[in-house]
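Here's a structure for you.
First chain written, first letter: the chains are A, B, C and D, and each begins at residue 1.
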Amino acid sequence: MTKKYKIAVIGGGSSYTPELIDGFIKKAPELPVSDIYLEDIEQGKEKLEIVGALAERMVKKAGLDINIHLTLNQEEAISGADFVVSQFRVGGLDARIRDEKIPLKYGVIGQETTGPGGFAKALRTIPVIMNICKDIQRLAPSAWLINFTNPSGIITETVLNHTKVKAVGLCNVPVNMINYVAQVFEVEMERVYIEFAGLNHLVWGQKIYLDGEDVTEKLLDILITGKNFTMKNIPDLIWDKDLIKSLGMLPCPYHRYYYMSDKMLEEEIKEASSEGTRGEVVKNIEKELFKLYKNPSLDIKPPELEKRGGALYSYAACNLIDSIANNKKDIQTVNVRNNGTILDLPEDVAIETNCIIGKNGASPLTVGHVPAKIRGLMQAVKAYEQLTVEAGVKGDYYTALQALTIHPLVPSADVAKKILDDILRQNKEFLPQFQG
Amino acid sequence: MTKKYKIAVIGGGSSYTPELIDGFIKKAPELPVSDIYLEDIEQGKEKLEIVGALAERMVKKAGLDINIHLTLNQEEAISGADFVVSQFRVGGLDARIRDEKIPLKYGVIGQETTGPGGFAKALRTIPVIMNICKDIQRLAPSAWLINFTNPSGIITETVLNHTKVKAVGLCNVPVNMINYVAQVFEVEMERVYIEFAGLNHLVWGQKIYLDGEDVTEKLLDILITGKNFTMKNIPDLIWDKDLIKSLGMLPCPYHRYYYMSDKMLEEEIKEASSEGTRGEVVKNIEKELFKLYKNPSLDIKPPELEKRGGALYSYAACNLIDSIANNKKDIQTVNVRNNGTILDLPEDVAIETNCIIGKNGASPLTVGHVPAKIRGLMQAVKAYEQLTVEAGVKGDYYTALQALTIHPLVPSADVAKKILDDILRQNKEFLPQFQG
Amino acid sequence: MTKKYKIAVIGGGSSYTPELIDGFIKKAPELPVSDIYLEDIEQGKEKLEIVGALAERMVKKAGLDINIHLTLNQEEAISGADFVVSQFRVGGLDARIRDEKIPLKYGVIGQETTGPGGFAKALRTIPVIMNICKDIQRLAPSAWLINFTNPSGIITETVLNHTKVKAVGLCNVPVNMINYVAQVFEVEMERVYIEFAGLNHLVWGQKIYLDGEDVTEKLLDILITGKNFTMKNIPDLIWDKDLIKSLGMLPCPYHRYYYMSDKMLEEEIKEASSEGTRGEVVKNIEKELFKLYKNPSLDIKPPELEKRGGALYSYAACNLIDSIANNKKDIQTVNVRNNGTILDLPEDVAIETNCIIGKNGASPLTVGHVPAKIRGLMQAVKAYEQLTVEAGVKGDYYTALQALTIHPLVPSADVAKKILDDILRQNKEFLPQFQG
Amino acid sequence: MTKKYKIAVIGGGSSYTPELIDGFIKKAPELPVSDIYLEDIEQGKEKLEIVGALAERMVKKAGLDINIHLTLNQEEAISGADFVVSQFRVGGLDARIRDEKIPLKYGVIGQETTGPGGFAKALRTIPVIMNICKDIQRLAPSAWLINFTNPSGIITETVLNHTKVKAVGLCNVPVNMINYVAQVFEVEMERVYIEFAGLNHLVWGQKIYLDGEDVTEKLLDILITGKNFTMKNIPDLIWDKDLIKSLGMLPCPYHRYYYMSDKMLEEEIKEASSEGTRGEVVKNIEKELFKLYKNPSLDIKPPELEKRGGALYSYAACNLIDSIANNKKDIQTVNVRNNGTILDLPEDVAIETNCIIGKNGASPLTVGHVPAKIRGLMQAVKAYEQLTVEAGVKGDYYTALQALTIHPLVPSADVAKKILDDILRQNKEFLPQFQG
């Protein structure tokens, strides 16, 4: 008899959940799942029930024998799980909106995962993920943690260096970059291969291949003619032609925050004062989504979910789980311990890179040195990330201040301190590690 | 009979020359010099003659048997020299003023050595230093090049990686930091030892010792009470208390451009619109200095020279030459090939660090890894420097664009391009490598 | 229309060739080959014709449309080839026999690829492979060199560092280790995965997996009960129980030369004085094989070939070519540039390790640091290999002497010198680089 | 009032002690010592009293105010000490003689510090040094441990990685190499500088300078003409001319065990069967020495002590203590944490290299990469040393077996096991860590 898997979804009440359920339904033939525990906290109960009911209808419609469990009990969800998927958001969208607005007050980019916004999110998330890991070690020691909670690289690094949990960090950016290339060349995604190197939300496609042929130049020539791509949550600014020519690589959508900081900031300020920050927009989308979800005749993932962002999230997550479960040894782009893969970064940090995925997790392909033009930024952001992990784990004010001070998007120690103090004040209830 | 040395000074007509002559006079008992060749270009002839006459009076007054030669012939100056001191400035102060003003037009810090200003200076200087090195290899192959021309780290890296000349890069910042500590504790400089690590104009004092006792904390406590120090050319902004506390090290004066970019920019803008940029101020100081120098009764280094900046320059330069000539094996802080000294930087780059100085040049003391809080910035700036060297040697537009784009003080590729194009246009006559 | 491939086999008259032809026949459905050029030198003409005729019969019997070409013209063979397979042996078996006997004279292990024997073989091979690469660069610049000529690691490193040819080094040891594990557990080879790390003929299986489960301990427990395996050319000495327990890894058969040098030497001396060295034994086997090959009714790979050694050679070679040609992205164990894969070895050396194989060649999986117990030996042998490459390319006596002196199997510089002088004398005609 | 120092000498009853006392007497003007505690164990009481009385007579004769204390109480000796000098020998000369004889039984070099003999000595010493360090941490936390106990590199690495004691490892080999060069050129030692790199008893002089001029070639030309040098305890075999030519560096005397293992083994066997092993010879020398020491009219270091070996030991030890105490910042060759100094070795191992010595201990000069010809052996021996430290600390049989197996002088795992078992049996009383 084949093994059937128990999946625990932390943050199960998320609007993304139907996407994830849809993924498991599609993978059902090769990835047999017996139980999915959707877990959330007390405040998320209502959303959990709505989304949970939809999940049940979806599974039923698919004719599958998967038990959907709804619970507010983390231990129950995790106990004996084979995979723990983390997609929670500490403080919800309100916290995200604050993360976006605080930096803007000081003339700094306010973004969910990049810059001071991501920093605040990391500080809130670290104590929660540490607690989840404690439960995994105790109640499901052989489980794999599939971390999708942002900032995914920082959270994965925290887990890898501060717990014994087996973890892989996931992000939908690389898979969307592959998808973009596939669309440009009008081919299946399977025929595209990108030599990625970098960090989460700071990953470069060093070389692009179509059926094994190097098409980097060809792709970049198309990119600069305006056939653009981005993520739902990032303003879709056109890439500068000379920047791309001089870079000679495919940047990720988030690189706009670094390569065109000034315009992105302008854009953000403009948006904040019109339709609202991205968080505010998402809050409205979510409201609409949950209205849809409530509809008892809805039994598939609604197409409207796409507006929410997170495209291909379930594709990435289910592929990852499938390859671990079935020891597939295929190549996927995930967040893992560097271990010398990129020689220009410390050995014990998380990087986002191409890995072989199998029963033992993710094994990266050697990258070696990266060229100076991407090395400096990668190293600067990684130093920030390491300090953020340390600050988040220890609750140390000075380490937090250094983290923000050296972030490339923060203009000075003075501004760093103002933002930090504001973050600490506005997130007090979520930052136990700083209260003492 | 003891060996007597021939010194060639490239850029001999500089207003700094009396400082250097004063240094050789003081060192005379241990460092016997027979000939000093002050070399300059046609446009500097008048200044060369003024400063050369003063140099002759100084030597005479000191009762020393040193022959001062004035020449516009680089080959004559270099031929057979034991030490070649480079202190030239391509394009003179007018070029410097342009370097300061171009970035300011685009809202970016305009500074002689840091940021786009230093970048422009590097591009102008690289073809000239390469030419000097060609002459040294041919006419004085065993000579030591003592490079003081800024940006000293970038120029030294160019020489180390693209010529066979034996070179040491020099800067007066470390010795001024030692002097500052000595003044704080009211002791002789010899009793102070600083564990330096970093790059030229981006060097941190990781630990400060007085008579071998660690006084880092004590010093920083004094630093934050306002007993400040800076270089003549850097606005003397007070360090933020929490920044220093969280850093736990002694920053160099130039760190202000990174740690307080916003305020420094404000300050620059204010100054530019009142007394003028630093270059403009210096231009006036120089005029006054040369008036003084002309006075035939002046036969010592005039105290007014101090305003010019470059404090302790001759102290540093003459100590370095003395220790090489006399195989002294003492510790000085200079720019050398990294070679693994700082494990977080490539092996073939120039770093500024503590070295043993002897007949075979500068041999660095192992540093190992540096902490994340200073690592990221150091790495980012080094990547910029490497690209600048490459752009300067090859004259490659795209490499130059990447260099500026990734500089931490430049907000976007767009602004980088505007500044770059402006630099290339305004410096056309000095950038033969880009005219191909 | 699908692309059909041209294969050039350098050393085409080898007794292994039917093995290789058999491989291409089996792979025919997915790897369409139009032409196989079997190339050899004048002295090998007779063998080439025998083996070539057999190859033609084999292809015919298989009903395939592959043209077999026999040639003594290297340029003709290489020109326009897609894959160049190198399996030549400079000096033939007579040279091998000398390689085995010279060291034995001085009380040192005499082996085809390991120790002074392999060193001599490397010196003979390097000028020839350099010449082949010159032709590839000129006549088939996009061809892949599949190097099977021993010592495969050293030859691959020579090609990678001293030519621009795209090369992958191949050895049948890893695939035989996988096969051994598969036999022990009575499963298909595909279900076995070994985390290899090391050098050619010095590769350790750090961890062994069956269907993704770690079975290292289980396997080693079986290994020490005597269920042994080895290569045809290596005396089948039983592994010491405590050695294996303390090692905790699967050694390769060649490790016996290091872990049981004394017994292996004894065994060699005994064999040399009875049935002859392995080379002498092989010489007889080859005679018998070629008798068989001549039989015009033979049209398949004869089972007697197995005695010759080289088990699974064509399996490995054809899999490699198939995965490159078809961009398969599967994992195979080959010799590639280290590039930081094993952090304890220089970046520019050849290592034997698990790689993803595709159209762009072999891309290694990150290994990181290896434990001290295998690190020292790996590093010592690699240093020997690097010096051997240098000596072989430059023909430098002193470098050659250092290479042999530091080889772990050579007891002293004095013995190294005696062996080296004997090698140089007896191989004079094959060592043009030393005749300067 | 100047600080006066308390020195604790662990193994104070050693025949070397008069050498050390002589050193302190000579250094008295700059290094004021108030108290020297000579500590030894119960079995060494008689020798301690003899040597202690001589020490008192020496001090008195010198007219110095140093109190000599004799004690069997380690805590008393260490408490409040400024420097703890460790020169003890666990098991005394009888253990050493066993260390020499056990390997010889199995055809392997038997030497006090190199190979299995040094391995046995390390295992015996590690528990004792750990215990001393425990006392230092408790009773003299700011004391410097000056370790002279052999194998000095392994013991220093143990202390650096497994305790918090500030330690510098010392050996008289480098200073004797300098002395040898000085004698060859008939100059003062101060004029000679050697760029050392390597491990304790495996240190190469990569370059030799006289007054800053590179005289390496000149020196090696003299070395190969037979003007040899060695340590008292190492057979004085002449270096092979071609070995030295190909090496191009100055080997240390102990390199003979690696570069001429066969002859050294012969020599040892010959000596063992005639005058006895070196340990046996030393035992007789010591008897004679102690007879001399007893003579109440002896009040200086007797010239006969020179035969004992350990030349320049007190010179090295007192210079080291002097430079630490007086923050001299001069260059000495000692054993310290690598920290990237030699890029080809792990960061956390002990190396023997040139360091700046001051109040904060030893700060190494960057070495970078070493050439392949010395790298492999250095790395192989270092791997052995790391395993020895681990085996010695943990008492793990398998780690010990791997340590001996990979030692370049041990021919096989089988022989390693025989030697190991013999060592463990014959040293049972001294190896508490293996009795678990």
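Keep this in mind: a residue touches a chain if its C-beta (ideal position, glycine included) is under 8 Å from a C-beta of that chain, and two chains touch if they have at least 3 such contacts.
Small disclaimer: the values here were computed from a predicted structure and weren't measured.
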Where the contacts of chain C and chain D overlap, which chains show up?
none
Based on mean C-alpha positions, I'd like to know which chain lies farthest from chain A.
D
Between chain B and chain D, tell me the centre distance in angstrom, where each centre is the average of that chain's C-alpha atoms.
45
What is the distance, in whole Å, between the centres of chain A and chain D, each centre taken as the mean of its C-alpha atoms?
56
Who touches whom among the chains?
A-B, A-C, B-D, C-D
In the complex formed with chain B, which residues of chain A make contact?
240, 242-243, 245-247, 259-263, 344, 372-373, 375-377, 379-384, 386-387, 390, 397-399, 401-402, 405-406, 408, 411-415, 417
Contacting residues of chain C [partner chain A, same complex]
193, 209, 211-214, 327, 329-331, 339-341, 343, 347, 356, 358-360, 363-369
